[in-house]
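Down below are the structures I want you to see.
The same subunit A turns up in both complexes below, where it pairs with subunit B and then with subunit C.
Take a look at the complex of A and B:
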């Protein structure tokens, strides 16, 4: 099948959408609600393109290509339609950027800057004043929900029903402004998938007390320490603390998905209660000792037990929070030095 | 630090500065003296080095503007202008006409303020205390005007990429009109105190002479070059901000000594005042900031009511903009001479390289040439006459 985009001909397969082709060929079409992982939502109206022979502009995300289609992605009418769609969103958006956690990595901000690169998007004053509203209750304590910042893209609703399959969220059309509501909160498994896909600051993470702007933080890719799946995640570190967990959608095995532990269970890293120095029980009380003293103590006791009762009297239990290398060395130590196969691991948390 | 000079019999090696009041900041001069005669001078610089060029690579183009205030801090407005012109040329931004005229006003006011500061302190250096008070009286008026438009006296950051930060007010215009009307008579006051003063003449006539050829060969610019008889001014040679539309003379000297440098600067005060009057009479209406939404920040009053303006302000302030790839060199006539910015852009929001061409540095390098063989007291007269600001020498 042949289609023509912006004057250039492309050979394409049947059953692909205009947006998919454009992304593949490196043609830029702005989107706000589109998610690769679920079926097209088509709520934002930003991906509109012009198809010759059709009276109205079509949405690139949910229009399948046909043979001989002639598509234009950058005409004045397309630009005007995109600006109009964005203006509609901006009209109801509060002036929250200075206090919003998302500012700096907000999809709406990016779009306003991109589409308003040459001239203003709106020819009137848009937006509603800073509300300073407290967040309303949500289906999980891990997320703060600010309905006033919501742009009604319905990414969260779609991902929850189509991808996670819990159907917690619904669009409540009553009242003057429709809003997303966690109507079936009891079904929520706190996976935070809605948080990950929210393009604006309507859903923000509520675990870390410290927040940083995107240019102040460092992102390190690592493997989730909790279970055997080994999800790849990105630790967002600011001021030497993990402040947030994000995921790269292109990387296996989880392709952007996480469970409640992977997404929200990072505060232990900075916990005050973590063991940082070895302790030895002396007179029924734990006391901090030096590493030398602790290692001497353990070596002495292990040698004594091994000599009196044999190596199989000793068992080793490793931690899933250690790295593979640590655990490898540990089992090697148990087998080669102690001489026992009594090694186990807690990777069933 | 090992001395770069070798001491022989009957010679004295003397450190002048870096805490000497006549070195205008933190310049250190290593003098090799034979009695009262200066045999060799080695300027040692770097005591005010803040790494502004390197800092420039770490900050966005908009943040860099405040660094330029700290170059020649006696004429911060001019520094802002030179930097803004360079970035605007890189991006191809057209500045509105009203902003161009306001920029001329600010640059000329900065020139007058810088020259007044120079006359006052130079006279102090070589023994006349009175002019200082007169000069600072007028300089204070200019500082007040700067405060009116920008809220700052010394480091205004008022001229910004795309125009000027805010429109000037009627109060400012009235103050400026009063200033230009009366300033001519004040120049006569300064000249009355100095021009025919025998002590002044004895200290400056034929002292620290720099011939026309040497001035060109050393690469000097500004009043130092013009006092040596070269009629060269960037406002005339490569006009910017519409300087080609103003009538003014380029004063120049004949002997290239300290007295000629003084005469040139006095005459420049008059010419600047002339330019100011013309600018005042031809001030057009209109916007003062270019309409380039991707780099010019929206007005602050809009930012507090309009989400689109707020978002753009946020994105620009956090460095979302991208400057086109390329390189540019742009220079202007600062009160001290040529101030040039060479900026290399790699297409990001931060300069890949920001080189600052400083006239003070170049003019200072001609100092040893001027004073070797003269009396030690003339070193003070020579250092003062080339008018250096260490903030720009060391950068």
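Take a look at the complex of A and C:
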């Protein structure tokens, strides 16, 4: 079927929403609450568009296209409605950006910047809502929740129930400030999916004591070190410490999802207990030695045993935690250097 | 896995057996949950414990530990009886059907119900679900392999898939989930006593010649020892030195006492790791290694996807790459081995490993490739056995049920099964340093059915002593309605309650995997 957007005709499939078509065709419609992975939430009101023949503006995220629809995404009334929607959100949101972890990667900041909100901020909203309430306890210690920053977009609630399947969160409308509440906290699996989708600094990472501004950190894409699913994840590093784990939604096998170990299980990397220097047992005590001394010692011992008792008197365990390259070199070492096939690993265990 | 993590979406029915998927492969477990809820995919869970996934399962089969073969035979009995098998597929792609059929005949649902503890009507239901689906997939994990007859368990599942033609197409297959993140890669790379990289036999002269040429030395054609055999050989004095890279066998090996003794007897033990593990205590040299976050390289996941690992930060102190350390020792032993970087190693190994031949760092820059990938223009292989079975024809293996070696008796009344917990990983060296993981599960525990606990006069959190015929440990009891009566569960993440002091070292004769899943124990107040 055919629809017309901003004067241009497009051939479209039935069962798609206006927002999906617009994204596909590269027509910009701002959103705050929309998430591709779950059904439209429709809470922010930013994606409104004009459909000819309809008195009221409609939400692009949850309106399905119909044959012959004429849609305008950029009229004065649309612009005004978007600004009003944004204003409503901002009236409840403190501008504590300088102390907020999210500054620089905040969806709301971007929207304000983009939709041109300066005059309103300087006239009306300034100074009103600073951070009034400290973080409150959440369903997992891995995440802090700042209710005063929360814009009630319900991304977290929706992703948790629809995508993770845990239904931990609800919106609590009671009291003077509605908020998200972990009503079924005992169902939480600390997957951090809610944290990942929070567009503002209401949900923030609570594991790393060190925080780094987005433009100061180095992001490296790698693979989770835990189970065999092998989720792809991004280590966010500042000052040679992992400060956070993020994910790219477009990459298999996990397409943006992680579990508690992948998301919050990174502290061991910077642990004080890490081995830092080679150790050799001398008079039944371990002593730190230089690499040269340690390597000479190991090579001497292995050579002596190989010569006196034969290569099959030496056995090696490769590792399911090390890389393919490490394992390749390990078995080559055992086979070519030691001269034995006594190589195995703990996978059977 | 014969298939991919993603193509499970095509399945109408998924049999999850011996895999606590939502806890051990959480992201995949989430996906199963989502499929059940949003797509109506029917999930059958067969597990001794009422695991989390049963919440979203269409059918739950609470089997007694170690009775998987009987269950599968029972399901196949029903499938044959009701004519739900795929005759064309069997005729065209398989052999050994008649003999197999004879064995299965005896396993009527009634007979199987007695062995497994699952009702005959549920066995029939499961059979009909699996048997009548167009596409049905089987997911399994250590619950299947960690038995003295693990190899037979797997063959049994293969029988079931062959019987219904559920192989070689999307949404089907027999899909083991690999426990640790690079088990697949460690096996692929020849971290095995009988095979070089790419599962090429060390005993094959032609193959050995190829590696001799590549590495420039004479190689041994004698198949080496497996991990448990290494322990025995150390005890008997045949093996005098161990080189351990990034493993902590002292917590993960069965029958620890035996291994402890073995390690103590060694003339020389060198351990390369990121932490001072329990195994290091027995070492003569401990070498500090870089952690995954400090390394460049590749990991291969459970669906055979080779993915890039990147150095995100610098290793602490003087810790170095594992391969660098090995090269340095090699050089000092008179064998020149040196690489500029991990990519150079990968380039060497892909020339010797046919499955990896077409993969380059450049190709997997963003998205990993699933092996086999024979050439640089090959897209990789998401599904194995498409159109034909890899060994030519799929072989039916008649398999009889045999009870687990360990049986409860008057003294040792409980069956202990072991496994992992969602919040921890393997021997705990990594996760126990993590705040969130420790918050939820700070200490070892023994899961027990509340009625059993009441009989023993135990409350949640009470300390208990668990004794097997081989050893004893102390830990706290945790009441849990997901346990059946007479069965208890614990994990091997904790060095203060080393559950493998209890387990046996009875091995599967072929895979040499120890029996972790069935140990007879008694539980007493300390």
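We adopt the following convention: the second predicted complex is superposed on the first by the 293 of 349 C-alpha atoms of A that agree within 3 Å, B and C clash if a C-alpha of one lies under 4 Å from a C-alpha of the other, contacts with A are read in each partner's own complex, and residues count from 1 in each chain.
The criterion applied here is as follows: a contact is a pair of C-beta atoms (placed from the backbone, for glycine too) under 8 Å apart; a residue touches a chain by one contact, two chains touch by 3 or more.
None of these values were measured; they are calculated from a predicted model.
**Q** Applying the touch criterion given at the start, work out whether A:135 contacts subunit B, subunit C, both or neither, answering first, second, both or neither.
**A** neither
**Q** Once the shared chain is lined up, is A:112 touching subunit B (first), subunit C (second), both, or neither of them?
**A** After superposing on A, A:112 lies in contact with subunit B but is clear of subunit C.
**Q** Answer with first, second, both or neither: which of subunit B and subunit C does A:147 touch in the superposed model?
**A** So A:147 meets neither subunit B nor subunit C here.
**Q** Which partner does A:260 contact after superposing on A: first (subunit B), second (subunit C), both, neither?
**A** second
**Q** Let me test your reading of the model: by the given contact rule, A:42 touches which partner, first (subunit B), second (subunit C), both or neither?
**A** neither
**Q** Look at the residues of subunit A and decide whether subunit B or subunit C touches more of them.
**A** Counting residues of subunit A touched by each partner, the higher count goes to C.
**Q** In the superposed arrangement, does A:93 touch subunit B (first), subunit C (second), both or neither?
**A** First partner only, subunit B.
**Q** Using the superposition on chain A described above, determine whether A:281 touches subunit B (first), subunit C (second), both, or neither.
**A** second
**Q** Looking at the overlay, what does A:213 touch: subunit B (first), subunit C (second), both, or neither?
**A** first
**Q** Could you tell me if A:232 is touching subunit B, subunit C, both of them or neither one (first, second, both, neither)?
**A** Second partner only, subunit C.
**Q** Going by the contact rule at the top, pick out the subunit A residues touching subunit B in the complex.
**A** Spelled out, the residues of subunit A in touch with subunit B are 90, 93-95, 97-98, 103-104, 108-110, 112-113, 116-122, 125-129, 213, 215.
**Q** Please name which positions on subunit B make contact with subunit A in the complex.
**A** Going through subunit B, the ones touching subunit A are 291, 293-294, 302, 304-308, 310-312, 314-315, 318-320.
**Q** Spell out the part of subunit A that touches subunit C in their complex, as residue ranges.
**A** Of all residues in subunit A, those touching subunit C are 140-142, 162-165, 189-191, 207, 218, 220-232, 235, 237, 240-242, 251-254, 257-262, 264-271, 273-281, 286, 291, 294-303, 305, 309, 311-349.
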